[in-house]
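Here is the structure we will look at.
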């Protein structure tokens, strides 16, 4: 009953709408209005906010402007939590091992080993950075120099021949391929990136039923995708303004996931260590503390 | 209509400019009373401090020491500056209008304002140029607009700094007559700076001669010294470096 | 007369056409990677596609509204504030340091605070635009007000103009040329601020179009966005000047325009 | 006199202190999420940490250099260009459209082109700064030049001044108040542009510090960056005015300063 | 030194201003020759077109029709404007200096420039104010600086627009004498606008009377009409509305 009271205060639900890299569940949920239908009877209005950046979603949640971040990468979640912005993982969206890649131009380094001593462009402190660090470690490379820039700039710098390699994701991979680029390696075998749904801890505590219903809807979207793959991909293509072929390509790389597993949890722990080792977070956080109380780790 | 004309009492007035090169003692220890409704001319060499004195009376310059008192206190002078000072972004008519907004009561009385502006421009012979902008006027025309603006304020206190300097002899003579007749009707307390001694003699009942910041002579028009060849007399007074402070008016 | 107009138009458009030709040549000859410098034709096609689908107009409409609102808020703050500061010196001493401080702070650096105060809706976007365009308007107007000739102040005093009349008849007309520079600069900085403003949770707008196209690797659309911004900037500037021309009869601003 | 100075300082610092107190109170009472508004103490600690490690000075040094170089390039282009356009009307007709166009284009939207032309080194960062600060200087100077009184032009003609003397003795002094507004605005926009400039492959600089800290959720460091920018902006402005004061003896700029 | 003094030939000169209210025909069909080394005074009512004519001669105003020719062609006038036009951001000395940079050859000769500036300021009695800024001067002082600036150029062609209008009688008389003696030495071709007919008679050998844009009389000082009461004669000429174009000089 107490819960019900809290529900009645809630007249709107602010959710971020993150399309890229290729978060098909979210796109299906929004385009098919699954959440709107779910909450229609409670008089809860769903408000979508298009925010791609993890950092900005974290800020918006701290400000109370955002209740659920539909997709955040694990690094952003850890960084926010470490800085005292308590956010809980409420669901998994995908493990996009194929979505992130090191790319070079045709005449660039031939193998991963050739990256030694090269200049690589990409965003610092993200899963891409983590991927590069993992490659360096695993392949025992020396002198790889990361120049920090955003993805579009990294792509431009690569194509303009100003850097030897670039860390890219999703659409930009396809576009770079079209522009004569080549995938040197994806993150597969080096790191498992995690894309997660997140909500402020206070919100999870006060509105666990809402969270449950949200994850259930996301589950429904997942099932819809499995059962009507072509339709779903068409929705994604429409939402992102891509051709169906590109969309399918992206979908195949997106590694969409159904449930948060024990491996994911240890992956999250690994991410914490990575960020800590690079001095990008000050306070280590327990991975388990970031798991929302509603989340069922399988 | 002397009720509107204030009495002006100046006591030990001094003005020292701290210039970029040296300090200039522009007005030195001037004490003076302008009786209500009097017309006083102020003459003196270029740079002797006439404008400075007038500006202090107009409240535009702070005295370095000394005081200026007006009775009644709320008297406000109509000022003619040494340069015409017409706002370049307004037509002549508009320039005149804004001078009247506070003078014509009730303020809403647009017709009265219009009438006065018309009459004043008529007097200076510029009615046909009412819609021109200041930069389209000749030097003398601009000066006449400045005069018209001051006269149409119908103030009981007039401060005029060489209002006729850029006018030809005939226009000047006509305007002197106009000014005289207006003053005769209105009897405003008037201080009139001029370089033309004949003009001072025609218009003023009292003539002050200023030199190096001081009033060196204070003459009444009926003074014996002005009986014959008054111009020569005034010139010689102005020229005499020895006179400490001669007040002929009292003699 | 007609001929004169012709040559004037020719001169005006010479450089743009030259640049266009150069661009066409550069992409034709592939001097640079065609991905980074798409051909004029491709950009035109992208523009057409965006226009046909109505997306371009939606983006433009949203951004236009933001620019207009932001610009008028800027005017609404900067104009009274500068007149107030001009007439009340203690306000100047009070506000000097905070305003000087804000002057060098990049609006986008304050996004966390803006989100905190204004949320992620229109308000914080408008705040970015206002911050970006405030100082050109404010400083130019202050400059105009402070450089007014002493002569006019004295005249106003001797004519016993009250504060309102002084502002209307003397101060504002005298400061007007500087004010004009200020609003022209301010308006451009409103357009420019769109990118920063639409970084915050936007789903449409020209800034969003450019950002999103960059993310999606659609450089042709980035160009469409840039051109739309540039052209709209020119047009809005012209309209604004015309509007001010109606309000202010004593000057021909189109001729007066600083350039 | 001494007392006067005291009250002046008090007035100047009143608002900053008030804001500081409010801030302290707000974070003490936790009116807002401490993640978005860290306490003054935490910001001070972060600043101290950054200062101790020398990182802050490194960032500051790098950014300062960029600002200075960018600003002087802006001056180097805008000043001669405006004098040229002022004296050669055909140049005005030629360059009008391209410059009007650029006026509303956000510098950061051109980053792809800048990377293409200037690479990812200092040049493209400088280009961003120049683009951000060019128009305030240019438009204000044009405004000043075009609003010069006809009287002085005639005087120069009748004294047979040559072009150089005309510029030196008449044009420049007459346009100076506007120019001053322009450079003050330009300088602030240089500081502001650091964020955009240091988006391009930077590993240091205050803009980078802010961007990186935003990404890393270190809002306390964002504040350190903002404060450093704001304070350095004030200081550099003061120094610049002093320098101009030495160059231009006929005015006391510190008093003349628009505000 | 007549070699530097140009001959000025004015033919069918017209100037029409398209003002904001109405067109003004400021100069109407003037044909006129100023012989080399002549001193001509131009008198007329305020607004009759004197300044416009002078400005066209100075090359500051384009004629609407007609032509002005100078022999030798490269003659350049020293101009005294109706207002002093001193650059406010420079001291008096600097204002004078820049007028001389092109006149003193070789230009590097700073000493010569200094000497001439000193002498000219001495003449107008303002040497002690050389380092003051224009806004620190009185109206008459500023006008004298304008005069000094024109005289120190030592040009063979002088155009003066009411150079003594804000000066007191004595200063004026002194400067008239100075000007006369300078002209006697240098014999510049001079056109001198004034409102003071006595002044015109003292200085000029030829007097032009202008009315509503036309020259209505062209008098030589020795003309019979000026034999007695010359001032009255000129006044009556100026006033007569019927005279179409009387050229007394030739009679």
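Observations, loosely collected:
Letters A, B, C, D and E name the chains as they come in the text, with residue numbers starting at 1 for each one.
Note that in this section a contact is a pair of C-beta atoms (placed from the backbone, for glycine too) under 8 Å apart; a residue touches a chain by one contact, two chains touch by 3 or more.
Fair warning: this is a prediction, and the values are worked out from it, not measured in the lab.
When every pair of chains is scored by its C-beta contact pairs, the maximum goes to C-D. Remark: chain C and chain E have CA centroids separated by 50 Å (rounded to whole angstrom). Each chain gets one centre point, the mean of its Cα atoms, and the points for chain A and chain D are 38 Å apart. With centres taken as mean Cα positions, chain E sits 28 Å from chain B.
Annotation: 85 Å between the Cα-based centres of chain A and chain E. The set of chain D residues that touch two or more partner chains comprises 32-33, 36, 112, 116, 214, 219. Counting only residues that touch two or more partner chains, chain A has 59, 62-63, 152, 156, 160. For chain E, residues touching at least two other chains, in rising order: 83.
Pairs of chains in mutual contact: A-C, A-D, B-C, B-E, C-D, D-E.
If you check the complex, the residues on chain A that touch chain D are 55, 58-59, 62-64, 76, 79-80, 82-85, 121, 123-125, 147-150, 152-153, 156-157, 160, 162-163, 280-282. On the chain C side of its complex with chain D, the touching residues are 8, 11-16, 19, 32-33, 36-37, 85, 90, 92-98, 100-113, 115-116, 135-136, 139-140, 142-143, 146-147, 177-178, 180-181, 184-185, 187-188, 191-196, 207, 210, 214, 219, 222, 225-226, 229-234, 237, 256, 258-259.
Residues of chain B touching chain C in their complex: 58-60, 76-79, 81, 83, 85, 87, 89-90, 98-99, 101-102. Chain C contributes residues 32-36, 111-112, 115-116, 119-121, 199-203, 208, 214-218 to its touches with chain A in the complex. Listed in rising order, the residues of chain C touching chain B in the complex are 151-152, 154-155, 157-162, 165, 169-170, 173-174, 176, 250-251.
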